[in-house]
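There are two complexes below, and they share chain A, which is joined by chain B in the first and by chain C in the second.
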Partner chain A sequence: MFELPSGAEIQSIIATLNANIGFFIPEIYLSLLFMLLIVIDLVAKGRKNNLLSISTLIGLAGSIFFIYQQHHLPAGEIFFGMYVLDEFALFFKYFFVLAGMLAVVITMADEQFESEVKSMGEYYALIIAMVIGMIMMASSADLMMIFLSMELVSFSAFILTGYFKRNPRSSEAALKYLVYGAVSSGLMVYGFSLIYGLTAQTNLISISSEFSIHGYDPLLMILATLLILAGFGYKIGAVPFHFWAPDVYEGAPTPITAYLSVASKAAGFALLMRFFYIAVPHGGPVYEDILGINWVSLLILLSVASMIYGNVVALWQKNVKRLLAYSSIAHAGYILLGIIVMDAFGTQATLFYLLSYFLMNFGAFYVVILIANKTGSENLEDYRGLGKQMPLAGAALTVFLISLVGLPPTIGFIGKLMIFSALLAKGSIYLWLALIGIMTSVISLYYYMLIPLNMYLRESPGSEEKSMNPGLIANIIMAVMMFLTIYFGLFFQPLSDFAKYSSPMFGLKLN
Partner chain B sequence: MLSLIVFLPILAGLVILAVPSSQKQIIRIVSLLAALAQGVLAVLIWRAYDPSLPGITASPGGSPLGSFQFVEKLPWISLKLGGFGSLNIEYFLGVDGISVTMVILTALISAIGVLSSWTIQKQVKGYFILYNLLASAMMGCFVALDFFLFYVFWELMLLPMYFLIGIWGGPNREYAAIKFFLYTLFGSVFMLLVMIGLYFSVIDPVTGNHTFSLVAMANQANYIKSAILGPDNVMWRFIAFAVLFVGFAIKVPMFPFHTWLPDAHVEAPTPISVILAGVLLKLGTYGMMRINFPLFPEVFHASMYVIGIFGAINIIYGAFCALAQQDLKKMVAYSSISHMGYVLLGLAAGNSEGMVGALYQMFNHGTITAMLFLLVGVIYDRAHTRQIDKFGGLSSYMPVYAAIVTVAWFASLGLPGLSGFISEAFVFVGAFSSVTTRYIAMVSVLGIVFGAAYLLWSLQRMFLGKRKPDAAYDLEVGADGHEHIHFHDWKGKIDLDARELTMLVPLVVITIFLGIYPMPILGMITTSVNRLVEVLTPLAIR
Partner chain C sequence: MQHLIPIGLNHYLTISAFLLAFGLFAVMTRKNAIVVLMGVELILNAANINFLAFSKYNGGIGGVMFSLFVIVIAAAEAAIALAIVINIFKIFKSVDISSVDTMKE
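Right, the complex of A and B next:
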């Protein structure tokens, strides 16, 4: 069946690969770092120090340099349309590397690792693997590449979730994550195969042009998008593909929870935007939708369900990590609002919201870890009286939560403002979505405020007024994140300009 | 100057942050100094204010910035938005006749609140940091002329208030604090949508960009005709008006959105009740005068009678509720609702007399209710109860206290010669002379009668007559052969001490002085109110 390529063809393939390798340097660098970490672990085995974490941190910081170099390269497809380099991908490269660094920093602060695990070797290497996978997710321009990169992220995430081997909750979380992951990947691949059947193409841009030339069967199309949404929806944790989230978030090591809730979600959004914006047609006279349903209406459904379900169910949570899990489902709904409007402003708002979510969610999880270090608990009840015992942690957590609610003067408020502005800039058609977003954020105030309520309004059950200091470095990190949350809430211009700079996607012109 | 008066308390809060929490006295003194400095600045603003300039919005032929005073205008944020031009937010402060009296009131009440907070013993450092944050946010609301800036200050008030009620409040404080927070947030988040809608509908006449400037928004000529809140979109404009009105009405609080207020007042510590009644409630009606009405004048004109009816309900319903209360503080809280009804009624009249009365009533209610809550706090500190029937015959044992209570109570019921009378009279003159509100005003007059009833009745039960058998205090015969009152575990002076007098006497003086000679306030506000009425009156009627 297959013809073997001739020598000349092989020559040209190799030439292309060689020419394109320059566009791939951060990924290569990170892969080398991954291997280096395993070697370091082997060499330095048994020594109890921060060698691994520090080298991970330095290594990741180094990759920022290589990513920065890529700004000079022209946007375009590489490796025969498998991979793409554009401003949009660069944004997420920074995003994932920074998130990885923060995850490492948080891990260093988490004392649970000392009691639960003997060796941290694979842990840091897997974080790097996850960063590489996410970077590739954000840069994939081909169905094959999308699937491969998603699986790379998923497999690393499964292992990391179950990293506390002797902890049954952690193992349970990993298993749940794996089962849900396998099912949703399967559905997604089936959706991909339908798309391939319709177009005989795997490259997103080719798929799009194929659709615009030959049209498509609307029923098959809606089925395919639905199946593919199962895969993406699982990654972003949107209702109804969210069932894994609360258990995984509660059971996983907290740094991994933080990383998954921010970076994995962002990677899912990057993929979702690139796939739907570029490959799948929407609206317009050429494309007849079945009963007016297209992928935008599916996303609207997902968004509304996530906002309502996430915020309402969070009201009954007694565990802070679980509460934040439901809040992250709700935030997936808010971020989807920015994608639904489908214009450059919406993309900018989405990217900005991801940045704000990065800061406030990591901040909240960081404080949760510091508190758990001292009290050994993540239950809401055990937060009683903490405001007095850990004043800075209490203040910082309150700021992060206020930001998650979306109150000024925090970055979360600006994120919501941008999203709602993007909706209202379209006139009144999406006003009802903005209304749901607004009403659910009022609901969210109640459960977010349960944490400050316990910290400040209630007295700790023990009568002793001991103060618990999380340590100088932790205090500095916390204070910096708190400061940034407020600072960017008042002077958000640089972040917003960066989000605007990053909104162009290769192969797409949004007005 | 305005920046200074807004941010002084926050600066004081930062200083306090550096003071160790054991140095309670230093913390209090720093806060007091900041409040006094604010007061000095307020006096300077009062002296330098030119009452002949109207403000409100640009007058025909005048500067597009309007004739605001002490203006500070700096570009704050200028964003390029994908496919949508740019987002421009300005740091824009200024005062006109509507806000200048509120600035003075805020400075006054803030200072009195600091004095009243002297007795707070629990977590003094945290308390004063939050208090100063609240003071800054309140002041910021009154001087902000950019909607975005206003909104930031408006929301900034919520969190400190939540904690101030929630940590330092009474036994049921958790419930009261979250109820306050949810109610007010519910009102303000919808305001956010209107704010965004207005932004897309208004063009700054100077720069040609979209703008958040309230001055530009108050001029109907700056609206894009077909925009979402432009003059063509009658329905959306109506909805936006209603949404804003509910948002502000929750703060006032207007029936049926008032239920958070009695809870918040009963649980809040005395200084916070003073701030709440003295300043925070005014923000609701101030927001109506600054934002809600001038931005949608034609909707305002169409709904005047509805606002008037709600005002009348507030007046009468509040008075009835007050009549039924056993708890003195709850009675004062409901009287507050009743008195804010006069403000609504005056606004609904839509003419100069009514609006002047409303604005003057806002100032007077601020001073009088602050006094009432301070007086409730005085007796609660001593007796640890506020039940009216646990007292009796107090006037013979606490004569100074009784005298000030009498002044405050009579000011509240609108006795001629005290400031409350003049503002209520103006409100009624305005409401009677407006065709829309004439009959509403007739019904509302009943409120004065019921107001007199609950105030006089409580005065009689607490201060006249003899000690009741189950009273909250004992009587002892002293060495001089006279009977003396004795509160359990109260070590201080039985009658008012120096600190309490320092808080109360200025308010008493203001109440009496403004009752006899109201011109210092009226003179400042009339030009602006006249201009506001002009803006609110549709061209057809003008």
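Right, the complex of A and C next:
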């Protein structure tokens, strides 16, 4: 049925692979690091020290060097259109490596690990695997690569979520994450198979040119889009694919929660943008959509539902991690607003918002861990009076929450400002979307401010004024993140320039 | 044998659509975690049939490659899923998804 390649063809395939290896160095380096960490764990078994976490940190920092060197390489497709290297992918490579490093730092601060598990074993190796998977998600240019990288991230995340094996909440979170993840990725693959049937291509750019030459059947296209959105929507945690999020965020180890809510979400958005911007044809008189429904209107629906649902349901939450889970659903809605705009400014705003979300969300989870170390609880009730007992942690958490609301002078304000001005720059058609965004931000003010309210204005039940110092290193990290949140809120130009520099995608011209 | 209709693309697609529907039905209605995972396998195999059928009728090898990778991923997923389900059974003494529900708002 299929012809075997001749010897000369095989030779040329090998030559192309060899030539492309140079574009793939950070990923190779991280894969080696993954294996090295497993070996280190085997050699140093039983020794309770920071060897594993320190080597993970150094290893990840080393990969930044290799990623930096890729700036000199020309943007283009490698490995026969499987993989792509462009500024957009480079942005997310930095993003995921830094997120991985922060996750490791947060893990080192978390005392729950010492009581729950005997050894950290493959924990750090799995974090590296997740970083590799996410980098590949942001760089995939082929349906097959998208599927494989997404599953690499999902599988590592399933295991890490259930890492506290004897803890019922952690195991339950893993089961729920697994069931929802498996179903939505299955639906996504079915959607991919429909796209493959329509175009006979798996490369995103070839799919796009095939669509523009031959057109498509609108009903089949909307079906495929819906199925694929189930997979992407699950990764970004948008309504109505969010059901896993609250339970997983509450049950998983807190560093993993922070990592999933920032990096895994960002990887989902990278994929979403690359797929819908490049592969799916946008508008134009040639394409008749059924009842005017296309992928943009589907994304608008998702975005509005996420903003309203996430912010409203968060009002009743008593557990801080669960509250942050609903807030992350709402933030998925805000980020989707930037994607809907679909121009260069919109992409820039989306990337900037992801950066701001990175800082404030990691910061908030870090403080939540430090507080949980001291009080052993994540309940809102137990935050009473903490502002006096842990002054720096209280101040830092307040800054991060103000940033999450989107008030000046923090980075979250600039992020929201850019998203909304990108929406309004498109004229009045998206005015109502921006209005919903602003109104739901006002709702979010209430539940975010419940936390500082409990910390500062309510007395702790046990009235003794014992001071709880989380330690020097933790204080420094917290202070640095708080400083950056405010600093970039005032001097946002470098970050915004970087986001602008990173917005071009290979094979796409946005105006 | 001439009265038999030759098997065409539509036959494959119909089977795969039914498999997808059965898989979704199993995922939505069953409470047992193992049966839900079996439903997921049905969905993945529905996609596989699609890929192979499209590949057969347009002559490309991309679909065959894709379905091979889906099979591999499905096997890996089953391994991880069973490990998690066994752990759940050790803790909750049940693999019933509705009974594994300790976190409430």
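Basically, the second predicted complex is superposed on the first by the 511 of 511 C-alpha atoms of A that agree within 3 Å, B and C clash if a C-alpha of one lies under 4 Å from a C-alpha of the other, contacts with A are read in each partner's own complex, and residues count from 1 in each chain.
Following the convention adopted for this analysis, contacts are C-beta pairs under 8 Å (C-beta built on N, C-alpha and C of every residue); 3 or more make two chains touch, one makes a residue touch a chain.
All of these numbers come straight from a predicted model, not from anything done at the bench.
> Just to be sure I read the superposition right, which of the two partners does A:Pro246 touch: chain B = first, chain C = second, or both, or neither?
Second partner only.
> Scan A:Leu178 for contacts with chain B and chain C and give back first, second, both or neither.
second
> Contact-wise, after the overlay, does A:Leu194 reach chain B, chain C, both or neither (first, second, both, neither)?
second
> A:Pro168 in the overlay: touching chain B, chain C, both, or neither? Say first, second, both or neither.
So A:Pro168 only meets chain C here.
> With both complexes superposed on chain A, which partner does A:Phe79 reach: first (chain B), second (chain C), both or neither?
The answer is neither, since A:Phe79 touches no partner chain.
> Note which residues of chain B are touching chain A in the complex, please.
Going by the criterion above, the answer is residues 77-84, 87, 123, 151-152, 155-156, 158-159, 162-163, 166-167, 173-174, 177-178, 181-182, 185-186, 189-190, 192-193, 196-197, 199-200, 228, 236.
> Under the touch definition given earlier, write down the residues of chain A that touch chain B in their complex.
Within the complex, chain A contacts chain B at residues 343-348, 388, 398, 402, 407-409, 413, 416-417, 420-421, 424-425, 427-428, 431, 434-435, 438-439, 441-442, 445-446, 449, 452-453, 456-458, 491-493, 496-497, 500, 503, 510-511.
> For chain A, which residues are in contact with chain C within the complex?
Against chain C, the touching part of chain A is residues 1-2, 143-144, 147-148, 151, 155, 158-159, 162, 165-166, 168-169, 171-175, 178-179, 182-183, 186-187, 189-190, 192-194, 196-197, 200-202, 246-247, 250-251, 313, 316-318, 322.
> Within the complex, which stretch of chain C touches chain A?
Chain C residues touching chain A: 13, 16, 20, 23, 27, 33, 36-37, 39-40, 43-44, 46-48, 50-51, 53-54, 56, 58, 60-66, 69-70, 73, 76-77, 80-81, 84-85, 87-88, 91-92, 97, 100-103, 105.
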